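Labels run A, B, C and D following the written order; every chain starts at residue 1.
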């Protein structure tokens, strides 16, 4: 049992922190302003982003998420966790280090399951940060928390697959640099329940791909990436675009979501840490009813509880990462499910306390609290709602103590 | 003890409900779209609003909030509660019936404390829905939860008051029809703590009044009304614009906030009811893991708890309204404080459950849940944060059982 | 809408309060000591109890629970609520006024469904407080939260019913004055699901009735009444002892539990009020870290939240009572279910805060907090666990918004 | 970062688990019965206890708590944590392995601060399990959460110290084998605030030591050890009985409480684990409303949340233990405070869910849930109430972000 970070990690933490302090924090509002001053918030990414990416690459702060050392930085998940946390302190930071969702998930899929040709065409530019990508899974017509509900079709016709489907919450599709989507759909409705699905690469400029609208999240548009509602109407792509093979969609999703989920959790911990810092500073600057807000008992309780909850979430995240490193993503499934339930709710509580402590400033955009809150709120739904993860955890727990009856499958 | 609504109330409930179903619900999204299609979301109010107002006035659904029968509908607070609740189901509805904050509060101030001349110039057009107004109290530089912290100056100079101050969260100031602000500031820093403040009417087109920016709430701009940051620099208004008299600002605030607070709570109950309806419908339409969402035990628990919490909040609101009617706003202070703590948190929980039950649709603008959530969240801060109300309640409770020591004043 | 208590109620409140202050509060610990000084805590009831009962009867504070004016005080449920609340402030008080469970429930059953002979033999002495009774429903072998699970047999054999069954949590059976049980069991396993059950009167001295042991509740034995595990082995009683008729057990249970449930809630509100009083007094008497506990922000928040939660629970209880009075117990089912969920949890929270505020004294028997807590805890289980009530509420709520699918029956 | 247990630990876990399964679990109820069958529950310890202790000593399962290898097993805190957890599954188990409070704390005090003579006379028999001891600190007249409130006197008079004081919650004093108390009191009221206190060894058979009564905890007497109210009236002991020296009481208390606190937390984790096991088994054995309790969504949520909360509490406990081992008890103060807040509340929630899932059986003594709950409840108060730990944590957190004002000392 050893709870210390290695020297390598501590060095990277320092570098990242310095980068954030020098470049990101002082320019977050400027980034947002530049975005708003454009004709459309979707037409262009403020140029400081590419400049930051160049700097990050030079400093070796690039693709840290990828344990695979051929393509990425070769850090373990346990090593990456405290670094990803730092990136999570700003909503615009992860992209700077090429560590942002959903591209990281897509890169992992291509590293693991992509053909050499797919890697060359799609993975390499993603790894270089030259293009962006999106992931098209959720559908408006069904409860997508149950992935077997998905209705889109991926049907082979000659040398091409034909895709028909209606998707939404395809995050990142609004980005002007976004080149392709990985689409999940059904290739064989007669196969076994978890072998009906396939994933396929669809270039966004293919005929029949239509972005209907960008969906807001609590009033935020999340430009320039955003969340798209997309229809795929008789979209034809070469059959070589299938990933891994027909019927592998569900298996890929399972593999893809593990790392993706824990990355979200790491970032949420950073967001919560930052919120706690903001709160601690602000309550020492302001007074009401004759004493510093920092001396109000209730606020002290918020601070203590926030510290306690952050610590616990961080430890659970690290344990999950450790199990992924040591035993593989599949073995770490219970821990990933746990942290996926814990981290968003923890972050929401910490952020909400900070908002309350700041008063009206907290709900505005003068501080990152409200925007981080809205983001964290989506993560109680994205990649599986809390309830699905809890049901899976209960199932696993009950199986340890099997008595007489079969437990329903989740 | 009689828990039934009078026939008068039941009739008005039906009329209001029909109005909402015929006019408001089907057009909420259109209203929002028209707003966005304008050059600026602040330049104009979609014309359907004035048309609705005309209809509402014709149907006697106008100024229902005002117990004073000379100026308003003459309903008691207890009678108004279940009607205001219905209006609260849509964020754009209260204005339709001339029952929207902060105008209602301003009208009450003018009815109670305004001179005949003030009434003629400012109250009458407000009562007619011809103009809008705003209320300028909160300041960015101090913890405004303690109203004695307020720093703006209102200083007599000859026949004029000169106002200097920096305000924000002046809600409604963005509305193109907004004509004046009621500004709170200090007229005498040497007076007793709660007699230093005055309120004064400031026409928004007076020289020295500058709207610096409109503040967002969780990404929402709340156009066309919005929340303004305003500077008042050597703003001069006739001394007749003072309300009630110098040093009366705190007393007016206390009187103003009672009804304002309970109206917010009434509307929140309506918002929660509507959210529960949306949830109940949606979970019967969707299935996951082989059964209707409506049959998932966890969701059933959300529904039951929501019903329970709404009922309790409604009863407490009605009790507070009853005490206001029977014993006056001052006597009802504890109940108003209680419901001001209860209603926003209750609504946030119910809305949050509905969001979770709807999945990603819940955080978007396809349903009113996220927007209502953001609005409810501000109400844990506006008109006094929860913590201040709780501290006052504790003080009152402790005084019932005085033992040996003095309790600190809140 | 009228939230005032009638003069009749206010007068009775005063009388009851004076009785409690004169007789009960000063002697609660003495009562407990006398009980412990006996050879067995089950052999005798401290004589002060009969003396109190005599006084209560003389003052007209007797059988207040019974709306039926032929047998009881003829108060409505709404009138009884604030009185029952006062009794709930002491765990030994309800018996003083002949208003204690499970006798009240049994008296109501006999008033409604008893034959003249049953009334003469069992109801009259109960109404006079001469004997006590118990109610035998819950069984150790099945989840009794689902009453259809009950396994005991009530089989007609000639002129007698033969009862075989294993029951526990038969409260009151330990009392030396306890004369009979109302036993629930199955008389016809082929009848429709809710017509298989019957209820029958079984004198406790009948052959085959064996009290196996008295069950503790969080270490409390609740002597002299207690909770018994009882076996009924070939117990024969005259067929006239059946109540209402064969197959009516479930219907009686439904009728019996409504008033019983709401009485529990009324008492819990009194227990919570008393706890809040104790807390408010104590925190003004003690200091830590240089200031009165009453000035610690966290404790002030406990006090405020307790007041808020008590008020809401009381209003919901009164509304439920009102609906029972005006529309009947069946119509009031949703409100009864709501308050049955709300009141125990509310009381547990308030009691727990008081315990925490008192420190170690709070968990001891120097204050009634721990004992009241343990009692309240059982009421999240007794008369239906929270989860069953919530499931019923959800079902009712979903039915208001029926969309396409059938909702599972609870 | 390494989350694995060492081989040494895994081996000891297995041995301990086997010991618990062979000896403790099957005899817990028998132990309780034997205690009750005695004339007094305080007169004697059931003989199986000494027999178990002998076996445990033979198997090397003895004094595992003591990191000091001269006197104890020499395990680090991190190694001891998962072992102590296993002992915590039964309320009577810790004594079997000589690892029970308050003896462990007293042994640590004597190891660290005792003179050779004190060690010989009091430490050696404690280490051998031949005698028991108690710790006399809390007083009924003051809020003992603030240790500076303590009023007892320890005054030098010639060669003796004279002790006068009124203590309660002196745990373990009821045990027939209890030989001495460590008493905390004031030796110099003119010294600096945290140097007024001393600790002294008082043999329980000294004249002037009177056990007034044993205090119950939620109805449990916790015999044969119990919690005593004790008066010390002109109690004279040799001056050599002072520990470390006059004025060192507060420093010793700080040192004593660190390990004591974390041991409580370790045991609570074990209690929660056991409760979760009981719940998982029971809900698979019972059905209601047509399906296994294990398939009710709400119960599945309880199970998942329990697993999640246990995991997080365990990790935080291990981290605290790790910091104690690596940097010392003082450096680990924040983590100890955190886990002291987290573990009791976590255990209370898990135990409460298990109770609810078991129905009435849960509140009885047929399962260890209610007794463990009552024990855990005291641990939100003992060794510092939650609020004091939270206030300290907030202070530490605020100091990291010092802005302008001084933060009040806790």
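Quick note on the criterion: a residue touches a chain if its C-beta (ideal position, glycine included) is under 8 Å from a C-beta of that chain, and two chains touch if they have at least 3 such contacts.
To keep track of the chains, here are their UniProt names: A, B, C, D = Acyl-CoA dehydrogenase family protein.
Just so we're clear, the structure is a prediction, and the values are computed from it rather than from any experiment.
J.: With centres defined as the mean of C-alpha atoms, identify the chain lying farthest from subunit A.
T.: C
J.: Pick the pair with more C-beta contacts: A-C or A-D?
T.: A-D
J.: Can you work out the whole-Å distance between the CA centroids of subunit C and subunit D?
T.: 37
J.: Between subunit A and subunit C, what is the gap in Å from one C-alpha centre to the other?
T.: Distance between chain centres, rounded to whole Å: 52 Å.
J.: Where the centres are mean C-alpha positions, what is the separation of subunit A from subunit D, in Å?
T.: Centre-to-centre distance between subunit A and subunit D: 43 Å.
J.: Would you please write down the residue numbers of subunit A that are in contact with two or more other chains?
T.: Residues 296-301, 387, 390-391.
J.: For subunit D, which residues are in contact with subunit A within the complex?
T.: So the residues of subunit D touching subunit A come out as 1-6, 78, 276-277, 280-281, 283-285, 292, 294-295, 297, 299-301, 303-305, 307-308, 311-313, 315-316, 318-319, 322-323, 334-335, 338, 341-342, 387, 389-391, 393-395, 397-398, 400-405, 407-408.
J.: Would you mind writing out the residues of subunit D in touch with subunit B in their complex?
T.: The contact residues of subunit D facing subunit B are 296-301.
J.: Provide the residue numbers of subunit D that touch subunit C in the complex, in ascending order.
T.: 138, 140, 142-146, 149, 168-169, 215-221, 286-289, 293, 296, 298-299, 355-356, 359-366, 370-371, 373-374, 377-378, 380-382, 385-388, 390-391, 409-410
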